[in-house]
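Shared between the two complexes below is subunit A, which has subunit B as its partner in the first and subunit C in the second.
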Partner chain A sequence: MKKLLGIFGLLVAVFALTSIANPQFVSAYNLQNLIRWTSLFGIISIGAAFVIITGGIDLSIGSTIGLVGSMMAWLLTQKGWGVGPTLAAVMLCSLAIGLAHGLLITKMRLQPFVVTLCGLLLYRGIARFLTDDQSQGFGNSHDTLRQLAIGKLPISGGFALPAPLFILLGIAALAAVFLNLTVAGRHLLALGRNETAARFSGIRTDTLKIVAYVLCSGLAGVGGILFSLDLNSIQPSGLGEFYELYAIAAAVLGGCSLRGGEGTITGVIIGTAVMRVLYNAINILGIPTHLEFAIIGAVILAGVMTDEWVKRFAARRRAARERAEGATA
Partner chain B sequence: MTSTLSFRSLLTAALLLLIPTAGCKQSSEPTAAAKPDGAAPATTGGKKKKIAYVTNGVDPFWNTATAGVRAAEKEFGVECEVLMPPKGIVDQKRMVEGLLARGIDGVAISPIDAKNQVGLIDAIAERCPVITHDSDAPDSKRLCFIGMDNYNAGRAAGRLVKEALPKGGKVMLFVGRLEQLNAQQRRQGVIDEVLGRPVPAAGKLSYDPPGKSLSAGAYTVVDTRTDNFDYSRAKANAQDAMASIPDLDCMVGLFAYNAPQCLEAAREAGKLGRIKIVSFDEANAVLEGIRDGHVHGTISQQPYYYGYHSVRILKGLANGDKSVLPANGFQEVPTVEVRRANVDQFWTDLKKMQAAGQ
Partner chain C sequence: MSPYPSSNGTASSVAPLLEVRRISKRFPGVHALKEVSLRLHAGEVLAVIGENGAGKSTLMKILAGVQEADSGEFLVEGRPERVDSVRTASRLGIALIHQELSLADNLDVGSNLFLGREPRRGVFLDRARQNREAAEALARVGLDCSPETPIALLSQGRQQLVEIARAVNSGARVIIMDEPTSSLSQGETDRLYSVVRDLKSRGVGVIYISHRLGEVTTLADRVTVLRDGQNAGELARGGINHDAMVRLMVGRDLVRHHRPARGQGEPVLDVRSLRTLAHPGREVSFSVAPGEIVGIAGLVGAGRTEVLRAVFGIDAVVGGEIRVAGTRVPTASPREAIEHGLALVPEDRKHQGVFLEMAVGANTTLASLGHRARWGFIRGNTERQRAAELIAQLDVRPPNPDQTAQFLSGGNQQKVVLAKWLALKPRVLLLDEPTRGVDVGAKQEIYRLMEELAERGVAIVFVSSELEEILRMSDRTLVMHEGRISGTLSREELSEEAVMHLATGGPATR
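Coming up: the complex of A and B.
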């Protein structure tokens, strides 16, 4: 938990400064929007975290979102499929994508970067081909299904909790239990830290890695469903573009090490929240949008640097204290 | 190890199977290497002329333009390839180079960066007739431009804003990118009209920098937000505008997908009808919104005619007929203001056009 203090501090700081500068930032309406976006991006970031914990990477998350989102709208509106079969088909498709990644990486020993980079191109291409590159949408139909993304649970004073939050919380709880309380989860962390050692200790590293990629693509599939339901206007060439970078950034900000073996689900959600709060703050404060990338880059870099300095300072003080104690003893 | 081997052998077998088919494809198409100077052989004789229609991206707007292309293809007996570069300027260049290498009898292109793509357009002009549509590049060797006056279209949208808010109010603009000339001109048109400024003399257009709130009389144009064509950013921008300015009165979407996202955001915020929405182009969600009274109106550029006239003019030029060129090199496609009163008729006509194009 201590490791998350830095990133949590950054979140609180940005939150506090923005709400002082413009009180509308903490209005019920804005908080609802913030929670919805954080939930949507949080879901895909948890998937990314699993793969990053194994020391791998998945660059195809955005394209999987694009494929699932376009396919879902296409099947529902153009092909006249029912809701059940459609959801089953797109989820199976995303799980199959993850399985293929896992098999190619573990059995054929291909590099995750290459496999998922090819996936990035492949799934985007399939999405565009299937739909003839035509924008898809649900129009005014499927309003019940759309509640998954745009529905809300009223609390009080005009404040309502967006539906995706509950989906995120469910997924996060399952993911945290899996990672922390099951043997497989602990093995996953061990394999990320030192794969050879883990294999020699009898851990089925290949199976676990495949599971990680299946979870990642599966969650990207859930994200694809929710993003398309939320936007109601799906461009096969554009939906989800670069979202893998948002997901990876959120996971790393939240304490996942790109070298593998480290990461917590809470951290990933806080990491996602930092990214979304920054985007939102820029708009609320009326900062020109063309500055947003620069500001987000600078704030995150500053945050990570401060975090590192604080850690080093603490380590030095601890070392000094231990030395002093050693001298007096 | 055995599994690795079997995978490899499968892959190799698949590749071996692919090679002969790839070879067949290549031999049936003329390539740039067919001529020693690298120039592509033009299709001649009784064969249908081959022309190309290059857009500036992928958008529903271009689907309607394609419908016009398809209709004109049938009417004028030509073959037209429609190319939509998904990733901006680099893709557009790559696609054009591919066309020139394969050999083409005419190209209509919507330049993404008018000033800096002169070289590319001139390179096309060396091989075949080239015209611009939607966005012009007047300094290039293009033979004519098909499109609308974006500044005037912006002013028309500004009139819709004033109509929707007769007592004045706060207005926010949304657009994909502000680097594009058409976006800049449209934006300025809306601002000038809403703030009651006079129409500037030709060539004297000056732009207000974004990020500054502008007011005149009862109207305030608060800002212009960009989203880089990311739909979820577009929606978040609309939500954030409503959050930061609780008394926002009107949202104007300058690109086709902007107003649908404003509409979604307004619907979720329970502000349908209270916040006026003015749009460009004819996305289905916008037309539906106009019919339901949730969108005040939209400015249609009639992209169908961009496609139609492009094919018509290129067909003439490919046959050496210069009389198809419009006077002053500008084929104006008039804009149509769509409101609740004429939306049904407009939509029916649009559907008919799109069906005819298929």
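Coming up: the complex of A and C.
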């Protein structure tokens, strides 16, 4: 938990500074939006975290979102499928994507970066081909289903909790239980730390890796459903673009190491919140939106550098202390 | 043009090409070399032999500038020199040919020969000149391949010749060969011999390190024996024979622990005609009874680790079968091996055994977690309690389950690895170099633990390169040489000489 203090401090600082600069930031409307977007991105970031914990990477998250989102709208409105079969089909599709990644990476021994980079191109292409690259939408026909993304639970004074928050909390709770309380979760962390030792300890390393990729793509599928319901206007060429990078950045900000074996669900959610708050702050403070990427990039870099610097400082202090103890012994 | 000036002064004709006097080197916890001296004359083949850990590799690294000695003199042609880097050594004409080849296998032969000294024309490589000169250098070591052949296409033996050509080509007058024939075929070995003789005739001094005493007898003009980091003796041309070398390598009086052999009854582990990937042409068969401690001795590269890895299912096997208590264990799956009651404490603790960044407690319970779980959930209290018990049982220090394992000493890390397996109550415990890098105190505790487990009926197989450890712990000793068991020694037959004799491929009768 100590490791999360830094990133939580950053979140509080950006939040406080922005609300002082523009009180509109803490208006009920803005906060609601902020929470909704944090929740949507939080879901896909948790998926990315599982893969990163195994020491892998998934670059295809955004394209999977694009494919799932476009396919869902296309099946519902153009093909006239029912809600149940459509949701089942798109979820199966995303799980199959994860399974394929996992099998290619463990059984064929391909590199995760390459496999998912090809996925990134492949799924985007399929999404655009399926829909003839036409923008898709639900119009007014699926308002009940859309409540999943746009529904809200009123609290008081015009402030309401958005529905995706509850979905995120549910998924986060399950993910945290899996990672911290189950044998498979412990084995996943061990595998990320030292794959050879894990294999020498009789851990099913391949199976666990496949599970991580299936979870990642599955959560990208859930994200795809929610994002498209939220937007209502879906560009097959644009939905989810760059989202894998947001998810990876959120996971890394939240304490996942790309070397694997490290990460907490709480951290990932805080990391996502930092990303969204920054993005929102840029808009609300009237900073030219063209600078958006540059600012987010710079803040993440600064955050990661600080983290590394603190770690080295701690290691040096520890080494110095041990030397001192060694000298007296 | 010749890299070997015939004679360049008065001193060089009498002083040895290379001489070190009273070289010492310490590593944390180990006194690797104690006042070791060595002389090499021009046109001489000097063999350096000794048991595993006698200090040969350290000495060679010092000669080649990989490491610097703490004290002692280093003389090249009678002139004192300070050799503090490979660069300096190479400027002085000393080249080391490593056990593991150090060629860039993505480049061709010619580029490797000139790596770091590329002939150039302005900023461009002069490929024509490189190929021309490379062809000459290759001819000198009798290697008939084009300079543009990719290294990856050459056999190990021919790669070795490329390394030698590179050394000769860079003007080396002292060439150190560390176990050069360990991966060579018979034909390649013969080729190497003739290259060594040719180098000799050109006045190059060759230091030849080998575990194969037969080779040493054939090739060496003189033999220097190291034991426990010290000079143990020297043999000149006429006196070089197998027995004399073994006597000097073993040296000390035999320490024998008199006690009855443990273990009896039906074997619990039965390995039949096992063929490993490393030595697919050799079969290994042995069995171990409950409560018996079987040591596997042999020199580095004899195939001992490979046998343990194959039994535990880390590597696929070429042939043979493994049975535990009569049930055949599916190969190539550590998981199956564990299910059948096998456990392995691996050779490379940091990479294969312990999870350095994980807590000590989590390390100890990792392998047994699944057996104690309910519906796949870790039972927190049970786990904590179990970890505390294991830490206490093995006396891991400090006894803090929340500390990460990287801050433990080597000995305590090894206890953590042992704890991981003890939690599963294995029937057969395999240990690969169980006390490597472990301090003296922890060593004794690991021995005591092995004995305790044997008393409780666990069958134990351990590989060790320390003869003392074999002598102390083994009820029965299997000695391996080049992928097969060259002999089995009972406690009565066990002696350092007997082990060394079998390990170096000496004749079976003594």
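For this structure, a couple of remarks:
Please note the rule applied: the second predicted complex is superposed on the first by the 303 of 329 C-alpha atoms of A that agree within 3 Å, B and C clash if a C-alpha of one lies under 4 Å from a C-alpha of the other, contacts with A are read in each partner's own complex, and residues count from 1 in each chain.
FYI, contacts are C-beta pairs under 8 Å (C-beta built on N, C-alpha and C of every residue); 3 or more make two chains touch, one makes a residue touch a chain.
Just so you know, these numbers come straight off a predicted model, no measurement behind them.
Of the two partner chains placed by superposition, only subunit B is touched by A:133; subunit C is not. Once the two complexes are overlaid on the shared chain, A:77 sits clear of subunit B and of subunit C alike. Touch criterion met: A:194 reaches subunit C, while subunit B stays clear of it. Using the contact criterion defined above for the overlaid structures, shared-chain residue A:279 touches subunit B, although it does not reach subunit C. Comparing subunit B with subunit C, more residues of subunit A are touched by B.
Of the two partner chains placed by superposition, A:19 touches none, neither subunit B nor subunit C. By the document's definition of touching, of the two partners only subunit B reaches A:238; subunit C does not. Within the superposed three-chain model, A:181 lies in touch with subunit C and out of touch with subunit B [touch as defined at top].
In the superposition on chain A, contact of A:306 is made with neither subunit B nor subunit C.
No residue of subunit A lies in contact with both subunit B in one complex and subunit C in the other.
Residue ranges on subunit C touching subunit A, taken from their complex, read 312, 314, 334-335, 337-339, 344, 346, 351-358, 362, 366-367, 369-370, 373, 376-378, 380, 420.
Here subunit A touches subunit C in the complex through residues 181-184, 186-187, 189-190, 193-194, 196-204, 261-262, going by the rule given at the top.
If you check the complex, the residues on subunit B that touch subunit A are 3-4, 7, 58-60, 63, 84, 86, 178, 210-211, 222-223, 225-227, 229-233, 235-237, 239-246, 257, 260-261, 264, 268-269, 283-285, 288. Listing the residues of subunit A that touch subunit B in their complex gives 22, 24-25, 27, 29-30, 33, 37, 40, 107-109, 128, 133-135, 137, 139-140, 150, 227, 230-235, 237-239, 241-242, 279-280, 283-290.
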